[in-house]
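In the two complexes that follow, chain A is the common piece, with chain B as its partner first and chain C second.
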Partner chain A sequence: MLRGLRAILGWTEDRSGAIGFVAPILTHRVPRNAKWWYVFGSATLMFFSIQLVSGVLLATLYAPSAADAYQSLVYIDTQVPMGWMLRAIHGWSSNAMVIMVVVHMLQVFLHGAFKFPRELTWMVGVLLLFCTLALAFTGQIMRWDQDAYWGLGIGASIVDRVPVIGNQLRNIMLGGPYIGGATLSRFFALHVFVLPGLTIALVGLHIALILKNGVSEMPKPGEVVDPATYRRDYESRTHRTGVPFWPDAAQRDMIFCGLALIMVVGLAAFYGPFGPNGNPDPTVIDANPRPDSAFLWIFAALALLPAQVETFLLLAAPPVIVLGLLAVPLISNRGERAPTRRPVSVLVMLVICTALAALTWLGVTSPWSPVMDAWTSVPTPVRLVERLTPLQMQGALVMQNQQCRNCHALDGTGGQRGPDLGDVGSRLSWDQLVRQVQQGGGNMPAYGKTLSAAETVAVVAFLQACRTDGQPPSSIPGALQRSASPDLPPVASPVAAPAAAP
Partner chain B sequence: MNEGCQGCGCGGGAGGGESRRSVMFKLGAGLMAVGGAVASVPIFGALVAPGFRRYGNTWLDIGAVGDYPAGETRLAKFAIPGASPNDGETATAAAWVRGMEGDKFQVFAVNCAHLGCPVKWFQQSRLFMCPCHGGVYYEDGSRASGPPPRGLFEYEWKVENGRLLIDAGLLPGLQETA
Partner chain C sequence: MKRLLATLATLFAAACDRVPLEQPMPSQAVVSWDGLYLTHCAGCHGADGSLGAARPMRDPAYLATLSRDELIRVIGRGQGRLMPAFDQSAGGPLTAEEIARLADGMRQAWGAGGVPVGMPWSGSAGAAEAGASVYAAHCQACHGAADGRAPGTHGSVTDANYLRLASDQALRSAVLFGRADLGAGCDGRPNGRRLQSQEVADVVAFLISRRPATGRSDR
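Presenting the complex of A and B:
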């Protein structure tokens, strides 16, 4: 029996040479000190494999047509046995792949592993980063819900800003002059054929380059990279002290990948699949579109960019980011690799990471977005309506009915776009409040034409009563006389010193 | 090519082998290039065709004039003309219609002029607000606050036989205003 098996194996190996081909790859020598820092690339590859398998299985259930996609996802979630889990694993594993590819890249940058002779490995890695992000973005569109529809709308609006040919490019991207069936089909082809194929090819190239140039050693301060001698020194060192990748180094990869995979499956089982969130019906105006986590920083930047430079930055930033990352090993491919000897590189990395993290957090909280239902759903704090005069009480109603709360919080509840008005009475005087309500300014719309004089008096009386306990009303001389426009009705304080809430 | 020939010891011009091979190679490369170019036209032509077609808006009936009373702003829904059967719900679009005295109207695209998210009308404060990046517009469509570089996109309108028609159908953007 065993002898028969061995004969079959021997015959296959004689005709194919498969083991002779794979064995040196598996047992190539890696530096002895390549330990836990080196597991992230393997983890990225593992999650990509999970994506390939789960993606193919999803393609057997998904209907890639704008008319049916949404319903087919609901069907997968609710009717197909374990279908929800399949979608959950595909979604959570995609997040894990994005995280791992970024962590892998940070490690390579931190350890200067992109330097000679591994410049091309880094560049292919940069392309793989953008393939991963493109897969994540097109994957969000496969969900074909409100987020997908309006996310495409944002993408189309950005492309539309390209000078001269923007509109043509946008129509090519959408497959027509509006977001519809042709759009989903285009992004489906990208998501399941073009991008995975490209990624597989680039992963192959990435690994071939790693095998050719070897895995970099842990950096040591003072051990500088000199292209003239590096290869010879590296080969003699790994030959002397290196260990075979299989099984010595692979065991750490396996432990980390196993734990990471269990975690992702756990998250998928616990939190379930992402979306779909609401039909992709363009006439449903109550949509509140948000991008997936990998793109929240872009979403935040789009809200915060100054209008004058927005179009320029929107169009100039992507090529600058791509070329800048590709050029990293061209800027410095020799010298010290240890992070302690590369303070500028480490600082640049920390600044970029901090900025991305801060923008992502802002994207999660999105304080610039009006809370569309705050005016009907958020209560006025009891502290602020206790012992009010009837006029002030009327003002509290005006404030609620005029949707002020969509952008303004009172004691922390409500929109965050404008300032919290819980203590505005101690900050702005009567005249300043009138001016701000009537004329707006500082990113606030003007309400002069919307509110009657009586409503303005009421709301300002209420706002003046909005103070922290014990604070007197602000008595800074008003700006009204200086800047009020003549077409607005004069609004004087009903009493010389409006009654303060005790 | 040349390296292989130098190694073969045929001595270059002997028998004209090199020049024949060179002609064959050039012929092959040329034929491949022509074939590839001819094949590329339909293959990539289908992909980029939407960039070369001229699309236009169409006059669409969005209801009776009486459906849009003066002093109110209402949502009009319409089917996108020439939609494909695959479009499903995305074959529809919407516009905000502001009714004014004397059968005058203003018709706005629902897409924010910033990056295209759907703006929502608030009757009490007479404002349009965008949920994405906080763009706000007054009832006449002019920009009130937030990141939009201009006011809301407006559709042209006309009244025929008591019906309100708007010139719409394309996704509005900064270059193709409505």
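Presenting the complex of A and C:
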């Protein structure tokens, strides 16, 4: 029996050379001090493998058509045994993969492991980072829900701003001028065929480069990289003091991967799959779409960009970021590797990490987002209600009914997208309020065509009553005032009838 | 190290039966009536059913006069331009069952002990000419002269824009029930007594007659 098996194995090895190919890879010598810092790359690869397996399984259940995608996700979640777990693992593992790529990259940067002779390894790694992010983005599109729809909308409007060829690029991206069935098919092809294929090829190249140039040692202050002598020194050191990858280093990788896997499966089991969050229907305006966690910082940055530089930064930033990351080893590929001897690099890394973390936090909390149910759930402050006239009371109702409160707070309650209107009556005159309501401006839509004349007057009368106690209404000195009599026609620069005490 | 790993593995295995590996089902979570109120009504009708921009629901006389079916119809189908329809069949967010739960909840919590005002919640308008004298006798002191010359202490209700926005039923409800939550004298009992049925119909007709006929109607 054993002899038969050995014969088959020998025959296969003779014809394929598989063991002869894999054995040196497994037993190649790695530096002895390459310890727990070096597990993140392997964990990334493990999560990518999970993505491949779970992705193939999901592809057998998912219907990549605009009409059926959403329902097929609901079907996977609710009808397929453990289908929800499959989606949850795919989603959580995707997040874990992005995190691991970033952590791996930070570790490589911190330890100067991108320096000679591993420049190309870093560059391929940068491409893998963007492949991972592209997989995450296209994966979000696969959900085909509100987040997907609006994420695509934002992506398309960014592409649209490219000078001269913007429209053509957008049409290529969406498969036409609008988001539709062709869009999903395109992103499905990208997510399922193009990007995984590209990633597998790049992972292969990345590993081949690692095997060729060896795993970097832990940096030591004073141990500088000199391209003239590095290879010879590295080889003699690893030959002298190195340990075989299998089992010495591999066991640490396996332990870390195992723990990371347990964590991801645990998160998937407890928190379940991501989305789908609401139908991708552009007419549903009470949507609060937001991107997945890897892109929250972009979401925040886009929201906070000043309007004047928006287009420039939207178009200039991506190539600068990509080229900047690719160029890191070209800027400095020799000298000290220890973080303590590279204060500028460490500082740059810390600033970037802090900025990303802060933007992500802002993306999570997003104070600029409308509160979609404020119009029915956040009451007009009682201090205002108690002193409103019947007309102003109608104006307060119009405020609620037109969902102004979703963006505007009164005395701190309501949306924070626009300014708090609790004291707007002492800041803006009647004319200014009418102009703002009718014409909008400063990110506020124009309500001139939405509101009737009576509604506009009522809203403005209410807004003018929104003042702190004792404050007079804002008015232009010397201008005519509105007659107290409601039956007389309003004249220039009117001021609402004085608020009555209850 | 091996011992640590073994311990971790054992702990994880022991925790397995606690992982909620259950199929999530599309379920409509049952929300209590006050939860529904806070989400869908409090914005206009006030956090605790009073002192909102729209009429208070914490009004026993109102809830005793309005029938359950009428309340459900108003919630579901809306009223005028400023009370939106909440029934899903009318484009709103609530199911018929939720609307019924909401109506019953409000009637039980806020309608207890309410005495009906003795006339129907809705009714046809009366004679505007007669209403003018009812207005002068019972409304003018607070809401000012109908010609706008004296504004009154509580703001005009004959203002053209106000009348364009207030529905006929909103005017009738305002006359019948007032806004007791806004303080004494606002409870629909001018001069200490509730108006007669015909007086209510007449004064509502009078107010409606003051509504500008030209231009876009907001009712």
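One rule holds for everything that comes next: the second predicted complex is superposed on the first by the 378 of 502 C-alpha atoms of A that agree within 3 Å, B and C clash if a C-alpha of one lies under 4 Å from a C-alpha of the other, contacts with A are read in each partner's own complex, and residues count from 1 in each chain.
We adopt the following convention: a residue touches a chain if its C-beta (ideal position, glycine included) is under 8 Å from a C-beta of that chain, and two chains touch if they have at least 3 such contacts.
Model, not experiment: these values are computed from the prediction.
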{"item": "Chain B versus chain C as contact partner of A:Gln392, first or second or both or neither", "value": "second"}
{"item": "Which of chain B and chain C A:Ser345 touches, first, second, both or neither", "value": "neither"}
{"item": "Partner chain(s) touched by A:Val457 [first = chain B, second = chain C, both, neither]", "value": "second"}
{"item": "Touching partner for A:Gly272 - first (chain B), second (chain C), both, neither", "value": "second"}
{"item": "First (chain B), second (chain C), both or neither touched by A:Asn401", "value": "both"}
{"item": "Greater chain A contact set [chain C / chain B]", "value": "B"}
{"item": "First, second, both or neither for A:Ser332, with chain B first and chain C second", "value": "neither"}
{"item": "Residues of chain A that lie at the interface with chain B and also at the interface with chain C", "value": "375, 401"}
{"item": "In the complex with chain A, residue positions of chain B that touch it", "value": "47-48, 50-53, 55, 75, 77, 80, 83-94, 110-111, 114-122, 124-127, 129-134, 136, 138, 144-147, 149, 169-171, 173-176"}
{"item": "Of chain C, residues touching chain A in the complex", "value": "5, 8, 12, 19-21, 23-26, 38-47, 51-54, 81-82, 84, 143, 147-149, 151-162, 164-166, 174, 182-183, 186, 215-216, 218"}
{"item": "Contact set on chain A toward chain C in their complex", "value": "74, 77-78, 81-82, 84-85, 255, 259, 262, 266, 269-270, 272, 373-380, 382, 385-386, 388-394, 396-401, 405, 452-455, 457-458, 461, 484-488, 497-502"}
{"item": "In the complex, chain A residues that touch chain B", "value": "65-70, 149-150, 153-154, 156-158, 160-161, 165-172, 174-185, 279-289, 299, 302-303, 305, 307, 310-311, 368-370, 372, 375, 401-404, 406-407, 417, 440, 443-447, 449-450"}
